[in-house]
Every structure is written in C-alpha cells, then in structure tokens.
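Both of the next two complexes hold subunit A, though its partner changes from subunit B to subunit C.
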Partner chain A sequence: MSREVKFIAACGAGVNSSHQIKDAVEEEMRKRGYNVKVDAYMIKDVNEDLLSHYDGYLTIAKTDLSFKPKIPLIDAGAILYRIPAMAKPVYDNVEKVVKEINAK
Partner chain B sequence: MNGIINFANSLFKPLIDMGAATIMLIVLTLIAVLFRVKFTKALEGGLKLAIAITAIGNVMNMLTTAFQKPMMQFVKHTGIHMDMQDMGWAPLATITWGSPYTLFYLLVLIILNVVLLVLNKTNTLDVDIFDVWHLAFDGLFCVYVGAPLWLSTLLVLFIGTMKIINSDLMKPTFNDLLDAPEGNPMTTTHMNYMMNPIIMVFNKFFDKCLPWLDKFDFDSTKLNEKIGFWGSRFAIGVYLGVFVSLLAGNNFATEQGWKDMFTLSFIGGSCIELFSVIGSWFIASVEPLSQGIADFATKKFSGRTFNIGLDWPFLAGRSEIWAAANVLAPIMMLEAMVLPGNRLMPLGGIIAMGVTPALLVVTRGKIIRMIIIGTVELPIFLWAGTMVGPFVTNMAHSVGAAIPAHTLVSDTTMEGPVEKFLAYLVGNAWKQQGMFIVYALIALTVYLLLFIWYAKQMKKRNAEYAAAKKAN
Partner chain C sequence: MKENKLFSANAVFVSDASDPTTIFKEVSDKLLTLDLVNDGFFNGINQREQQYPTGIDTSPIAKELPNIAVPHTEGEFVNTCLIVPVALKTPVSFKNMIAPDQSLPVKFLFMILNNNPEGQANILAQIMDFLRLSPVSKLQALFNLTETDKIYQLLSKNFSQK
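On to the complex of A and B.
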C-alpha cells in the first residue's frame, strides 16, 4: 500500500462534524485504494504548528486563520449533507491531493 | 398514551432491569434497523452507545468523587454556595441519549419536520439527529417536574416548530457569514439559536444607543492565537483544580497540601479530555441512524432541493465564536461567584460553545457586542443550569453513574436555558396548578411573541440581503 497521507478535520468540539468527515473520508479513500488518515480537532486548537504535521486541511466552510497555510485546504462541508452525490466532489478533491503526494 | 407506556413497561420490565446501557443497545439497534440500516451497522451503533454510556458514568464518578470534598471545603471556607459540579455538554448529552424517551421525542420531531416540509412551511430537512437531545432534555425535564408525557410532547412540538422556522430565517445570514454561494444548503436548527430573539433585543439597543462601541472591535484571530493552549480544555481543568484547592484552604505548608492540589488538577484536566473522547464514541453511535433517516427522507422527497440542517459548527471557522468564548470564560467564573441563586462551579462548560454561535449570528460578528451581550445573558444559563441540577443528577444515577451522595451535577452553558424555564413552568402548571397555570401561559405567550417580533426583524434583514444581491 502507498504511504499514509494525513489530513486534519476540525469543528466546534472536535467530536461531531469533524468525526463525520473523518469517518467518511477514511472509508471512501480506503475504497479507492489509498491509505488516508484523518485526525479530528477543535477549530480553536488549529494553529500553524499543528497544520505543519499534515498533508491537507479538510474545512467545513470558510475558516479564519491568523496565518497562511502551507498545505491545501479542501472544503469538505458537503459530506455533512449525507447525500452521496453531493459528497463525491469532495472525495475527488481529496483524491487529487493524495495522488499528488503519492507522486512526490 | 400512558396506557401504551404502561403496557410496554410490563412487557419490557425484565429488559429495563438490565440497565440503561443494555436497553439503549437494543432500542437503538432496532430503531436503526427500522430505518433500513444494515444490521451490523445498526448493532455497531448500539454497542458504541452502550459503552459510551458506561464510560461517561465512570468518568463522572471519578470527577465528582475527586472534587466532592474540596468543593465542600471551598463552600465552608469562602461562604460561596457553589456546590454543583459543571460537567459540560458531553455527559449531559450521553445520559439524555441513555433514556429511551429521547428516541420517542426524536420520532415526534422527525414527523414534525416531514409535516412542515409537506405543508411548505419550511425548506429545511434536519439531518442533525444527534442534537435532538437538547429538546428531549426539555421534554424529560418537563416530565420530571410533573407533566404527563403528552403535555411534554406538546411543549417539544411547540419549541421544535419554532426551531425549524428559525433555521429558514437564519439561512441568508449563514450565507453572508460564510461567504457562501446561493446554492449552499447549510443551515441548522440547533437549540443555541433559540436565544436569538433575546439577543436581538439587546442588539437593537446597541443599534439605537451604543453604535459607537463597534469602533472598538478587534481582530479575533490574533486574540485566539495569543491565548493558544492556555484556553484549551485540559488547561482549564487544571486551573480549576488549583482554584478550588486554594479556596478550599489546602495547607500549603505541608507536602500533602501541594500533592492534593496537583492530584485534583490532573484529575480535572484528564476528565475534561475524556469527556470529549467519549463524546465522539457516542456521536459515532448515532451515526448509522442519522444516515438511515437522511436516506429515508431524501428518498421520500426526491426531486426537491432542501436546505440541510446540520450541527452548528459549520460556523466554527468564524474566529469571533472562539474569541468571545475565550473572553467570556473568566467573566463567567466571576459571575458564578457573585450571582445570587447560582450553585454551579464552572468547569466542563466554561468554554461557552452553547452561547457564542447565537451571538455571532445576531450581531454578525461584532465582537464587542458579542462579549457584552454574552456577559448579560450568562446568568440565565447559570440559573437554568442550577435549576436542572437535581434532574440531571437523577438521570445520571439512572444510567448507572455512581456520583457520590449529596453531590449534584449539571452544565453551566447548556443550550436553551429559557426553554428549561418553560419546561419547569409547564410541568408545575400540571402538577401544582393554581398560579403556575397562569405563569406558564404568560411565559409561553411572551416566548411566542418575542419570537414573532424576532422573525419580523430577520425578514427585514433577509429583504436587505435580497435587495443588495439585486443591486449587484
């Protein structure tokens, strides 16, 4: 299997929306044959140092940050609608990032 | 309805004697299967709920046992009557989901949502199944106070209807706050936004009398960055251990005094962290059911586009929510100490996530207003939290949490404080009758009128949004 690609997801308490995104992305990427891990955090705990340990940041909607992130931001909010057709573009975007990282 | 429940009780008595975790394992699994969830997925959810209920009971036990004695000494030493422990939202959510009646209220609210959609009274399909616990909590509290189930169900429907209508009213504001395109379906029926009408009153006051205050708004991202880990959950748990030990009069001339303080602090920090870990199991447990209900509803309404009701944190990217919560934490601590009638010692709920999202929506990110209005409304949360303490403790015991005798638990910043007072008045109107009937009717009327006024204000706001878009 290819190397593990790590994403971060964040929401209010770091337990509900971010976990939904984590579970959905990990499962879909496994189905597509990638090795992806997502960690869930509280948005208030996200900082530059934390993001430096990840390959991408799965946001829910517009997210205020006090710095310019060096990793790609992917809007993953559509996963929360629980309608597969709406979540698909998110997975495609994640896959693109994963492919780029695997190609490195 | 009570007849049916009595019959069900006699049938299920042996099951009920197995305890809350076992009951919920079976009930949640069965209901998920009813919504066509695959059996293994449904069982996975049921098991996760059972272990979450068990684990939260044990952690509550660990926390309350450690803090019980120092807090009694704190009260004796300072004369401040703060003897009720603040668990934050996760334990309250878990124990509320530990009652089968929560699933009853869930089904009632799903039917309500479907009816409102069919009648075109709303455009919101609520898929935030987990957060049904806020309203279920009010229904259960109403029953605890003395109302029969049908009356509590009416109250839940009354508030539930406004909650769904509110999600439509707020939708254009969400698009504005998120810079989202018109087609974005994100909205929410979350209970914390039922404070909007009251916040709107204060916001009007600012518009009319204190508009110059907005000049002092500051950059929230910068503040949050400076606070860093000092505002994190575990750090707050540690401060509270230190604070309680100091005011409990630990003898710091002895090694034991220091040791007790450190032990208490680390238990505080670790329990707060554990609560959120267990909270995530518990939310995962409702996940298969949520997906099942969403699949079911989207199939029934195929071809229609909805706004989709989510948990509130799609707004959590707005840093004002966290800046206001950071500033309000020490303010709440001070208020808790001087507020007459408050018995809650802030801990688990001190990061006021149940308070600040509504402030953001009504003020649209004016941070100074958020902080001032937050300061003014926090006492309502503290009083409501104190009032429901005996009920929460009772419920915790019934799911098997071994909280020591004479110790009460609650939450300082639980969403929907006003609705708890409504539940209290409605429950007493049934049980004690007399003047309580009058009070309950007055309170319900004022609540409704205030919401209607708020709806009018929001419609004005939404018309402005529509006009601005046209102009572009």
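On to the complex of A and C.
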C-alpha cells in the first residue's frame, strides 16, 4: 500500500463542514485505492506551521490566509451538496495530488 | 411515530426578523432558557456567521427551491446535538458559504447545535441528504409553514436519521 497522504480540511467552527469533507474524501479515496487521512480544523487555527505537516489543504470557501500556503489548495465546497456530479471534480483534484505525492 | 432525536418540539422557530443578528438573538435567548446552549452562544454564532457565512445556494439541487442557511458555532457554546429549524416569514440575506462574496435570499434556517462532531453521523450531511432526496413540492410546503408545531411534525416524520 502506498504511503498515507495527509490533508487538512478547515471551516469556521470546525464541527460540520470540515467533518463532512473529511468523511467524504477519506471514503472516496479508499474506494479509489488510496491511503488518505484528513484532519478537520477551525480556520482560525490554520497557520503556516500546521500546514507544513500536510500534503494538501481542502478549503470550503476562498478564505484569506495571511500567508501563502506551500501545499496545494483544493476547493472542496462542492462536496457539501452530496451530489456525485458536483463532488467528482473535487475528488479528481484530490487524487491528482495523491498521485503526485505517491510518485515522489 | 418514532420521534426523531435531531429535533425538539420546543426548539422550532418562526421569525419575521429581517437580518441574521436579530434572528440569532431571538433564537439564542430561547435556546438559553431551554439550557440547550450557554451564554456564549449568541456571540459565537453571530460572529461566526459574519466571518464564515453559512448560506447555501440550493439551485444545484432544484432551481425552484428557496435557499437555506445552516448557522452554527463551536461545540463549546452548545450542550447538545440538535437541528433547530427557523422559518423566515420574509427572505433574509445571508452570504454564501462556499462563495462568501455572494449574498443569497434565504427562506429557512437549519441551525446546527453540535457538541460532538466526532461522535455521530454528520448532521450537515443529513440536512443536505434531506434536501436532495425530498420531493421539491414537500420542501416548498415546509419552507412556507408558519406554525412551529407543523414544522416540527413535518421534519420529524420526513427526516430520516442515520
């Protein structure tokens, strides 16, 4: 099995949207045969040091960060609708990052 | 009828307020007397909505469906896991959660009280499934109800809990 690829998902309260995205992305990536872990955070706790422990950042809205993240940002808000056709492009973007990490 | 534990007959609201802060104040005061939230809840939910809005554009689900919002705040201000429905007599402007520069006219709130995000099936996901899987006509009827007991009955009957 390939190595675990770690993403962070963040939303305002850290309780609803970020957990929904965590559950959905972990499940879909498992189905696609990847080892992906997502941690849910409050946006206010996201900083450069925290992001340095992750391979990608799943965002819900275009959030103003006070710094420019060095890891890929993936716009994941569409997942919240739970409509497969809307979620697929997000999952494809996640898979692309996972493949790049695994190829390293 | 099996009671749906995600709703409480006491915690259902109809509001004629015209802005989110006034709605949050009305609802928070009542939730506080019911001991469902603590006294930090109003500030928490009000500030959170301004910084990280929760309006949801329902047009990808069905074009004729009014928009909703899912206001919520950190678990530290909340004593339970519950969905608090708030019907708005006239639409109120909320910012779009996934595109905060857009404003949406919102007709119905599913306020989420969640003090245990790890411990149970995702409440937001259950709300989105309810919207996605219910007939549009039924949702339109729900969003136009103005009596709290009817809102409670309809939601408890039709909201399938995981």
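Just so we're on the same page, the second predicted complex is superposed on the first by the 104 of 104 C-alpha atoms of A that agree within 3 Å, B and C clash if a C-alpha of one lies under 4 Å from a C-alpha of the other, contacts with A are read in each partner's own complex, and residues count from 1 in each chain.
Simple rule for what comes next: a contact is a pair of C-beta atoms (placed from the backbone, for glycine too) under 8 Å apart; a residue touches a chain by one contact, two chains touch by 3 or more.
Here the structure is a predicted model, which is why all the values come from computation and not from measurement.
Q: In the superposed model on subunit A, is it clash or fit for subunit B and subunit C?
A: clash
Q: Please work out whether A:M29 is in contact with subunit B alone, subunit C alone, both, or neither, and reply first, second, both or neither.
A: neither
Q: State whether A:V38 touches subunit B only (first), subunit C only (second), both chains, or neither.
A: neither
Q: Using the superposition on chain A described above, determine whether A:A9 touches subunit B (first), subunit C (second), both, or neither.
A: In the superposition, A:A9 touches no partner, neither subunit B nor subunit C.
Q: Touching A:V98 in the superposition: subunit B (first), subunit C (second), both, neither?
A: A:V98 contacts neither subunit B nor subunit C.
Q: In the superposed arrangement, does A:S66 touch subunit B (first), subunit C (second), both or neither?
A: first
Q: Per the contact definition in the header, classify A:H19: touching subunit B only (first), subunit C only (second), both, or neither.
A: both
Q: Give one of first, second, both or neither to describe whether A:N47 is in contact with subunit B, with subunit C, with both, or with none.
A: It touches subunit B, and subunit C stays clear.
Q: After fitting the two complexes on their shared chain A, where does subunit B collide with subunit C, if the options are 219-227, 327-335 or 417-425?
A: In the superposed model, subunit B runs into subunit C at 417-425.
Q: Intersection of subunit A residues contacting subunit B with those contacting subunit C?
A: The answer is residues 11-17, 19-20, 23, 40, 42-43, 60-63, 77, 80-83 of subunit A.
Q: Can you name the residues of subunit A that touch subunit B in the complex?
A: Of all residues in subunit A, those touching subunit B are 10-20, 23, 40, 42-45, 47, 59-66, 77, 80-83.
Q: Which of the residues in subunit B end up touching subunit A in this complex?
A: Listed in rising order, the residues of subunit B that touch subunit A are 89-90, 127, 130, 177-180, 185-186, 220-222, 224-225, 228-229, 231-233, 276, 279-280, 283-284, 287, 290-291, 294-295, 298, 308, 310-319, 321-322, 325-326, 351, 353.
Q: Which residues of subunit C touch subunit A once you look at their complex with the stated criterion?
A: Listed in rising order, the residues of subunit C that touch subunit A are 48, 51-52, 54, 56, 60-61, 70, 72-75, 97-100, 112, 114, 117-118, 122-125, 128-129, 132.
Q: Which positions of subunit A touch subunit C when the two form their complex?
A: By the definition above, subunit A touches subunit C via 11-17, 19-20, 23-24, 40, 42-43, 60-63, 77-78, 80-83, 86.
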